[in-house]
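What follows is a set of structures to go through.
The two complexes that follow have subunit A in common; it is paired with subunit B in the first and with subunit C in the second.
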Partner chain A sequence: MKRLLSWVVLVPLTILSTAQQFPTGKSLIEKVDKNMSANTRISLSRMEITTSRGNRTLEAKTWTEGDEKSFTEYLAPAREKGTKMLKTDEQLWIFSPSTDRVIQISGHMLRQSVMGSDLSYEDMMNDTPLLEQYAATVDAVEIRDGRNCWVVTLTAVKPDVGYYMQKMWIDQERYIPLQIEMYSKSGKLLKKIEMTDVKRIQGRWFPMTMVYRDMLKKGGGTRMTFLELQLDAALPDGIFTKSSLR
Partner chain B sequence: MFLLKTALQSLIGNGLKTWLTVFVLSLSFVMIILMQGILQGWSKQAIDDAQRWEIGDGQYWSAHYDPWDPFTLDSSTVAIPESFLPMIHQKMLEPILITQATVYPDGRMQGVLLKGIRANQQLLEIPTAGLVGDSVGPVPVCVGAYMARQLKVRLDDEMILRWRDKNGTFEAVDIRIAGIFKTSVPSVDNGVLWIDLNRLQQMTMRPGEANLLIKSPEVGVSQVEGWEYKSIEKLMESTLLLVKTKSVGTSVFYIIFLLLAMLAIFDTQTLAIFRRQREIGTMVAMGMTAGQVVRHFTIEGTMYAFLAIVVGAVWGTPLFWYMSKVGISFPVEAADFGVPMADVMYAVITPGLVIGTIIFIFLVTALVSYLPARKIARMNPTEAIRGKVK
Partner chain C sequence: MLKFLFNGLLRDKSRSLLPVIIVTVGVMITVFLHAYLTGVLTDSIEVSAKLTTGHVKVTTYGYEQNSSQQPNEFAMDDVEQLVEELNRDYPDIEWAERILFGGLLDAPDSTGATRAQGNVSGAGVRLIGSDAEIERMDLQTKLFSGRFPEQPGEILMSNDLFVRMKLAPGDVVTLISSSMYGDMAMYNFTVCGTLHFGVAALDKGMIIADIADIRRALYMEGAAGEVLGFFPEYYDDELGLQLQTEFNSARLDKEDAYSLVLTPMSKAEGIDFLISYSNYAGLVVILIFVFAMSIVLWNAGLLGGLRRYGEFGLRLAIGETKHEAYASLVGEAVLIGLIGSVIGTAFGLLLSYLMQHYGLDASSMIKDSTLMMPTVFRARITPETYFIGFIPGVLSTVIGAMLAGIGIYKRQTAHLFKELEA
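Let's turn to the complex of A and B:
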């Protein structure tokens, strides 16, 4: 009986004490943001899209300023070469060399897939800081890719978010997410992002490979690999203007 | 009567040549009636089917609703006006809520239009009774046979449906194919999933909202702010335009036959006037005026039309009957074609169509017969009797 009582008292106490050792979700997300965000970024990336119909590989150079401005020029394959994408604040513009036209992607068109990948334009556009949209709680400690991670659950506090809930596995030492899962309101897993090949770039830890997966469909997802990455580099003048699209 | 008698004797005297011309002309006559009859039948069937499956006795569209632009669906989903509610309660108006969604049959991704309709509706022929489900199992939906083939699903198959609610938040649920129906109206089949209206309103967080309302014949048309009434004629405009375009397209076939027949008649008439100069000269010498002789030859040519109609009636009537009663099946799928189109099409042959075609054939034949006969007026009777022709 004594033994049982000790279990009844001790186990919750142990759990409570462990829980108390968890950092707050907010502080973790802030640390992740601080680690991963840079004032400017220039990257050369490769996007490998694996679907049940076959594979496609795209290469692009991207210039980014903060979370709101980015300019992408596709370099390969030949069919997409010269396609440019400009994102400024709330707007997204695309220049297609084959039609020699600049079109604005807006409204529901933002929900379409980018170049047939598992990413939508909206996923690309979403630059609202997570803490403005979600309440974060740390639920557990788990191991991912051999590293200790905090498991953080983000629950929407605003009605107009795409994913009602997200789960993030954050590396306890390097403060980068190693896996993100996105859920519907009813708890169905919709998308998953796995980050690997973490490297130290100019004093920051950064995952050089990200695999995006639409969990409802078959296919290997979309693998995004950074071939080159410069953080806080000087950007060309006027790159975030519509005139740079042509 | 004398003119008719001699004209008929001359024609029959021409033997096989006459009957060949008559047959080709009868072919044209029957084809005109048959083709136009099929197109009229298609037009009638398209309107009937569309009324039974989709448009009822007309529709009220919310101000921004544009069926050709799915990107405007969200902005065109509005609250149903209170003035409509009693009629909805009496099932004289049927609200439809439409939203974009994605289904994942066997892990494949396919965009669909999710249309909400009341499970107990009686206005349309869509079998909606099966849309009533329980609150725990997969959500029942029904699809058209073409859509079922596109999705590669069968009755009771399950798959995941993903959509966004009013605020843009993703939601997903398991659905079950509770019904597969066959229709000749592609817009209720191709790319469409039917679901219970109340459930869709809950799923999208749009209670009491709709994009359009279908009207029954018992309801009069009224002006409601923010809603626009679309009559059957307006809703069927594009289909009827297509039928009209097809009508012009198919006319090429019978115009070719008609041209062949007219060419034969023209040729025969020209040759007859050349060969029968002595006869023409004699006619004039015996007191007939040039006008009377021209009329004689014109009537003679027009008799081809008369014979063609008789011959056409002989072999065409059983064909018309067959096409009206048994119909003709087309291998093309209605949903592929994009407009309402039944598997079997029936010709609708009206007296107006037959009489109109007869008049048309008579007029064209008379004109073609008259043109070479004009030459007679310029003939010198004495020279014609001597067989000297300029």
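Let's turn to the complex of A and C:
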């Protein structure tokens, strides 16, 4: 009887004390934001897309301000060269040099893939801070890429979010996510992002390679590598205007 | 015996005239209805074949598995070579490459900004340098205004969409769609003509351009989503299924999404029901008429039986067996059925021929149809039409006579003279 009593009392206490060692989901996400968010960012990136039809490699230069504004110019291959994309608060515009047209991407077109990659325009457009869309809880400690990670589950608190649930594996020391999984409301895994090649850039930890996988596609995923990255750099005047697209 | 029965029928008109008239009318309706249904259903199948499915369709396995999404990422490469091979292996079949796609059509204002947009479903078919597809798809009758593309970069669009987007002939529009690689593709076209299909789904937002332009627009050089095969005449399901077995056993590998698969029209989504229905339409018509006419002829037989009550009594009384009397009644029915069927088939064929030749213009009745149907309903006389009427014609008279003649067996020979005296 004594043995049983000790189990009844001790096991919940142990679980409670373990849970108390976990940081709150909110504090973790805030730390990740603080580490990764910069006021401005200029990057040169390479996107390697592996589809069932073959591989494609694109190069692009991107200017970013906060989470809301970004301007991307595609540099290669020749077919995409000169294509520009402008994302402002709630709108996304694309300039295609072959048609000499600036078109706003909206409605169901937002669900299309960006340049055939595993990313959709909708993914690009989602700039609402995570904590405004999700409730975060820390569930466990797991090892990813040989590093201790907090496993954080984000559950939507708003009805109109792109993914109902996300799971993040956050590096306990560097406060960067090493893996993100995005799920539908039914629990189906829709997308997966793996971050590797973590480097210290201007005092911040940053994953230089991200592999996106659209789990509904049969392709081999999209590897995005930052070739150059400048944080908090000065941006050209007027870059986030429609006139800069042409 | 046959001559005896025949003379009996000729001399006693009250025994034969009404049943022959009933059979004639029934058979005439059966023959006409069968030819009419065959014609309308065959034409509906042909309209679907020519516009969308072909009699057979060659695609990749991946494309076939997701065909409702028109997944051009599973398009076939080196289509020119494939068509050469198909022409060599199946010389009696005409092959046509097509690309189907969905997207958005965007019309700019004077500054180049978006003025109007519309969702479109499109088809890339060979329009420049050959009239085969224009004739096959009957586009000449669907051309509402303007002309067919003559230069690269020209497009035909549904007139409803043209009006909705407030376009004018010669306006430039931008097609925004998905390329074969899954990325967004944009391409400028000049509107050269408008089409009116009479089918709501197509009139809502159909665009058609030369396949070479669509290849450039969707980065599909040398590729096509589908290669459609057309038989010399109408769809033949037996041949379609035979080709499927032959082609797929040689080319299909279900582990490889890019291996080729041939799909006959009867296996195409949405058309399978129409073809099955068409196959059973004749049977349905026959069953309905056998049932209805048997009831009418049963009643006629009962009336005749009552009238001939005394005659049968006398025949039984002078020694004819019940079997012989019953057999002669059924024999008369066979003769009546045959005579009525011949006359009815002749009239039915005449009506069917008129309907086949002149047709019924139903374009005003089906102007916003959701089905792909012919605008002129025509009957179609097939070898079946010549004998289909004989089945209900003979069967119903025989069944009617057999039912009515059951009374013969209920007569008591012992009471016959009493009945006759009375």
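By our rule, the second predicted complex is superposed on the first by the 234 of 246 C-alpha atoms of A that agree within 3 Å, B and C clash if a C-alpha of one lies under 4 Å from a C-alpha of the other, contacts with A are read in each partner's own complex, and residues count from 1 in each chain.
Throughout what follows, a contact is a pair of C-beta atoms (placed from the backbone, for glycine too) under 8 Å apart; a residue touches a chain by one contact, two chains touch by 3 or more.
It should be emphasised that the depicted structure is a prediction, and the values quoted were computed from it without experimental measurement.
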Fit or clash between subunit C and subunit B when superposed on subunit A: clash
First, second, both or neither for A:52, with subunit B first and subunit C second: both
First (subunit B), second (subunit C), both or neither touched by A:218: both
First (subunit B), second (subunit C), both or neither touched by A:186: first
Partner chain in contact with A:163 - subunit B first, subunit C second, else both or neither: first
Which of subunit B and subunit C A:94 touches, first, second, both or neither: second
First, second, both or neither for A:200, with subunit B first and subunit C second: neither
From 182-190, 218-226, 362-370 or 398-406, the subunit C stretch with C-alpha clashes against subunit B: 362-370
Residues of subunit A contacting subunit B in one complex and subunit C in the other: 52, 109, 218
For the subunit B and subunit A complex, residues of the former touching the latter: 70-71, 74, 100, 102, 104, 106-109, 160, 162, 164-165, 167-173
Of subunit A, residues touching subunit B in the complex: 52, 107-109, 111, 156, 159-164, 182, 184-186, 188, 190, 214, 216-219
Contact footprint of subunit A on subunit C as seen in their complex: 62, 73-74, 104, 106, 108, 112-114, 174, 176, 178-184, 186-188, 219, 257-258
Subunit A to subunit C touching residues, read off their complex: 49, 51-54, 56, 79, 94, 96, 98-105, 109, 112-117, 218
